[in-house]
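Look at the two complexes coming up: chain A is in both, with chain B in one and chain C in the other.
Presenting the complex of A and B:
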């Protein structure tokens, strides 16, 4: 068991290296010569060369990549062109709203989507099933920001129940925190819910036609017991997989949702960095999110062995 | 038809040509509609959008880029059907024009990503040496969340529709590649392919004649979903300012510009949002329907 886990963790190392390579190439290819920018307008070509050598920019690509990667591993993502602050520092400042938003979205979507999928599969072919499926199609056809504006318009502007935008830290109390975050989390979660509900329904349909479900029924297990104990556990692997894959949509959606609801998180940081062409920041955020995504999927793979002990790596 | 003489002062109605479908034809059409309602609904909606995009210059009432500062932020009216934005431009005309950008990006990305993904998928499915390297590269690409990768790629280049298409195609092609490779790997073990190999057919011929036709059905379904996803990505990129340049009205751009005012003038954001959602929904419905029609085995499950 332990050997499997270790092997699986080792297998992510090449992926992490590849992601780092892609992200590094991005900055490498970015227009503009950092040495020329630092040297300023008055510099002679010799000055630029000197600065380039002192920054180590004249070294070959591979050497620079591993040098950069080593810095990344020690938590140094470079310095923002615009604010001159370390990128790690800027990310740390902005991370709380984003993490809060994503956690709430995750909780919300899982607790809605899985029961929806289970019920749709149980009531297969009825209007409930069709309603859930239609909602799911709408869910992944409507862009996050459209849902965001719609929700904000109805619940914040029209009904005036919730604040239109902004963010309150959880340290200020749970109620204001949730009041600010519930609309963005719902908007962001809709796509995710749609994905999860669909896959839950599909796998549950598969599982419910298995022999052991019939056996459970025959020995008198109640409907709820069959659905949530016998069937759902066996349907867990595909569901967890889509939760992992869908995490990319969650990350991408968070960037947009934060813009709609004026949440000062990593998404805002990214959007501002794009507008300013602040390449080190863009690079840092993309790298960090990609690592998180890889880690989430590593976690998902490890969860497989919990849900289905037959799976071995 | 017996020739009845018309009363004086009236002329006989001309004999109408038989343009209505015969009952048999009608039955066939209704049968198709009944069996695949999603294809029909999605298809009709997509077709409408395509027609709107093609005939946009005839349909729009104002020049979509003409500024009229004196008439800014007018609510919807007879003259400005969807109102005007903060620079006095007609939102209705801009939204119509925006359909061109979205559909161009959607279809182009579906085509480009399909082409790139299929080529790489076919090659790596057939050559083991390249396969390992290509698949690791695809794993790496797919490990970067799609929108972030598109953002990063757009940050490298100038904002233009062409660059948006290239950036989104790069982010979408790994999925196609994996799909095609999967089909190739399973087909390669099929007796008829083995027979072709054994009888000395050259690999390009095998790929072209035996493998490619079998990938077309899943590929078409995948291309439809990529088209929908690309339209959302384009709108998202434009919305956060990393997509289509501001001078070209696209649905994402219009919403981005309406963002500052949306609490007082929500229509600037909502009209493009409605068009975008309906178009994406239509393409997704079409994709769902195609998948059900082309793969009945999967249709029962999903």
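Presenting the complex of A and C:
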């Protein structure tokens, strides 16, 4: 097992390197000029040229790539063209809001979606099943920003319970932390919840028709025990898989959610960097996200062995 | 914990979370402000972005500052002496000024700052630099310019609010290459920048500088006593307009610099919110053509656009149905300012004539070649203008190639001098702040020097002669005469085509008082209850 983990971690290195090359090439080919944005509308064309040269953006692709890559190998993601701050510092500043948002979204989604899916499967064909599926369809087909605005209108403007925007660190206390994060996590979690609820229901329907479930019933095991101990554990592999795959959707959704709720997270950092063509920041954030995504998939693979001991690596 | 305990705990937590009006800007010593854009850096010389200038106004002080009549008033200086021929200018700094690091402000700091600014200010700084024989410190507080040609508009140059403005930095910081970014934000202005709390793209914090010595005069725009009534001013970057409006309605922020026109009616109806014009000098929309390539290298084609263009259409698209927000400007200078003139602007007045425009285009040799129209679709004002232009060009028989881009790409493309078929362009839109269009000095878009002019590279000897004549004009009457001729020359040669004059709103909570109309947010004398 340990050898497998080490092998998989080593395997992430070429993946991340390929992502690095791909992102760098894409940015090189993409139109746009950070020097023009820095110079502003009042600058002359000559000023723009000089700024471009001072940033080293007039150097050939290969020189720029290897210069950047060499620094990345030594753990230096470079310095933002615009803020003059190290990219690692900027990522560190933004990581807490994004991780908090994702964790809370995961907690909310899983704690709602799995019981919903289990109950829908248990009450298959009834109005409860249909209600759960309707909710899932609504959640999956409603854009995050629409849900976000609706929640903000109802809970912030109309009911006056929660703030519209911003982020408070958990170090300031759990209540203020949750006050700021509950709406965005709900908005972001709705899609995720719908996805997991549907998969849970489908998998549970399959599992509940298995012989061992009938045997458990015959032995007098209670309904709760059958659903949440015997059936759910065996249905967990596809659910964990979809949780892992959905993580990418969560990253994409975080970009929108952070903009709607003005959360200073990595999603907004990415959007701002793309709009400004802040190349070192874009490259740094994409590298980090790709690394995290690979790690999440590794985690998912390892979880398979927990839920299904027959799986060996 | 059993199920009942869990439910009780959850209920208590929910009530705690739902405590109403918890995140209010209740502290009267903290002002929460939403700026017009993200504050991605704070070097007001390296970049000419207005949002950076606005932040810099808190951190750094200026030698002179314009008042609400656009007259330069002494700010860091105690006074000046100018020789009768305007070739020697001597300035004395006020005693007792300090930088945020505790160091006194000296003449050498002013000199280094002037030199860095001169290298980047194309319209005034570089002119002074070319005429300068010496810029020297007489003593710790006094410095002197020695010029080889007269420069009567020195005070305006040193105090102009258009970017780049001249901010005084410590000598060691001002010694930075003007094309490289500074990394220390130490000024002598009324607020100090909290770099440790800065999250670019999210928040920027300014803290009151206790040792700031305001002037005794009443504040007026960038002049007079800059008295700050807050311990902290927090800039919250809220990228989404609807969220910003909701945050203002909910009392989470106190002041929003640039509400979206679409949201203004909502804000006007909201209790506890005041809405008013932000900048009395407004903005002038710009239809910028490329003078290097056909068809717009022919003045007839440029004039054809003047004949057909309806400023009403453009302004309707930019600011909506609120007619108090815009007016037609058959001129290049800011309406309501002393030099405003409509001389030569007749082609922009009266009914629009598409047939005549088509005829003029034919005479100019236009035969249906694609017209590359660069539209920054991520900026509402340029998107609106671009859409109207696409329609206009079709009406006058042009083959429009609408290129939907983001502003970053337009910024790159517009710098290309190649023909449109090789990645160049024919038309792009932008707008100019009215404060930059009050006279030719800050008006980079009116420069018609050809290869060194602003994007589009217009060339007109008549325009350049008039601009030079304005610099030499001895008084306002002479300036007005010259500007009338300049306006006509620029209209005749069609340096660019104004699409109208428009203003924007600002909005704030009614517990905030002292908000003034200005081309930049003025934080001094603002207070909050």
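As a working rule, the second predicted complex is superposed on the first by the 246 of 313 C-alpha atoms of A that agree within 3 Å, B and C clash if a C-alpha of one lies under 4 Å from a C-alpha of the other, contacts with A are read in each partner's own complex, and residues count from 1 in each chain.
In this text, contacts are C-beta pairs under 8 Å (C-beta built on N, C-alpha and C of every residue); 3 or more make two chains touch, one makes a residue touch a chain.
Just so it is clear, the model here is predicted, and its values are computed rather than measured.
Contacts of A:277 after superposition on the shared chain: both chain B and chain C are touched. In the superposition on chain A, contact of A:157 is made with both chain B and chain C. Judged by the touch definition given at the top, the superposed model places A:29 against chain B, while chain C stays out of reach.
Once chain A of one complex is fitted onto chain A of the other, the partner contacts of A:83 are limited to chain C, with no touch recorded for chain B. In the overlay built on the shared chain, the residue A:68 is in contact with neither chain B nor chain C. When the shared chain is aligned, chain B and chain C each come close enough to touch A:149.
Legend: residue contacts after superposition of the two complexes on their common chain; A:93 is shown touching chain C, with no touch to chain B. By the touch criterion defined above, A:259 lies against chain B and chain C together after alignment on the C-alpha atoms of chain A. In the overlay built on the shared chain, the residue A:122 is in contact with neither chain B nor chain C.
Residue overlap on chain A between its contacts with chain B in one complex and with chain C in the other: 31, 149, 153, 157, 164, 259-260, 271, 275, 277. Partner chain A is touched in their complex by these residues of chain B: 136-137, 139-141, 143-149, 151-156, 228, 232, 235-236, 239-242, 255, 259, 262-263, 266, 269-270, 273, 276-277, 280-281, 284-285, 288, 300-302. Those residues of chain C that touch chain A in the shared complex are 13, 16-23, 38, 40-41, 46-50, 52, 120, 122, 162-164, 177, 179-181, 183, 199-203, 236-240, 242-244, 246-247, 249-250, 252, 378, 405-409, 411-415, 430, 432, 436, 442, 444, 452, 454-455. On chain A, the positions that touch chain B within their shared complex are 14-15, 18-19, 21-23, 26, 29-31, 137-138, 140-146, 149-150, 153, 157, 164, 198, 202, 205-206, 247-249, 251-253, 255-256, 259-260, 270-271, 274-275, 277, 279, 282-283, 285-286, 289-290, 293-294, 297. Across the interface of their complex, chain C is touched by residues 31-34, 36-51, 53-54, 80, 82-85, 90, 93-94, 149, 152-153, 156-157, 159-166, 175-176, 178-180, 182, 259-262, 264, 268-269, 271-272, 275-278 of chain A.
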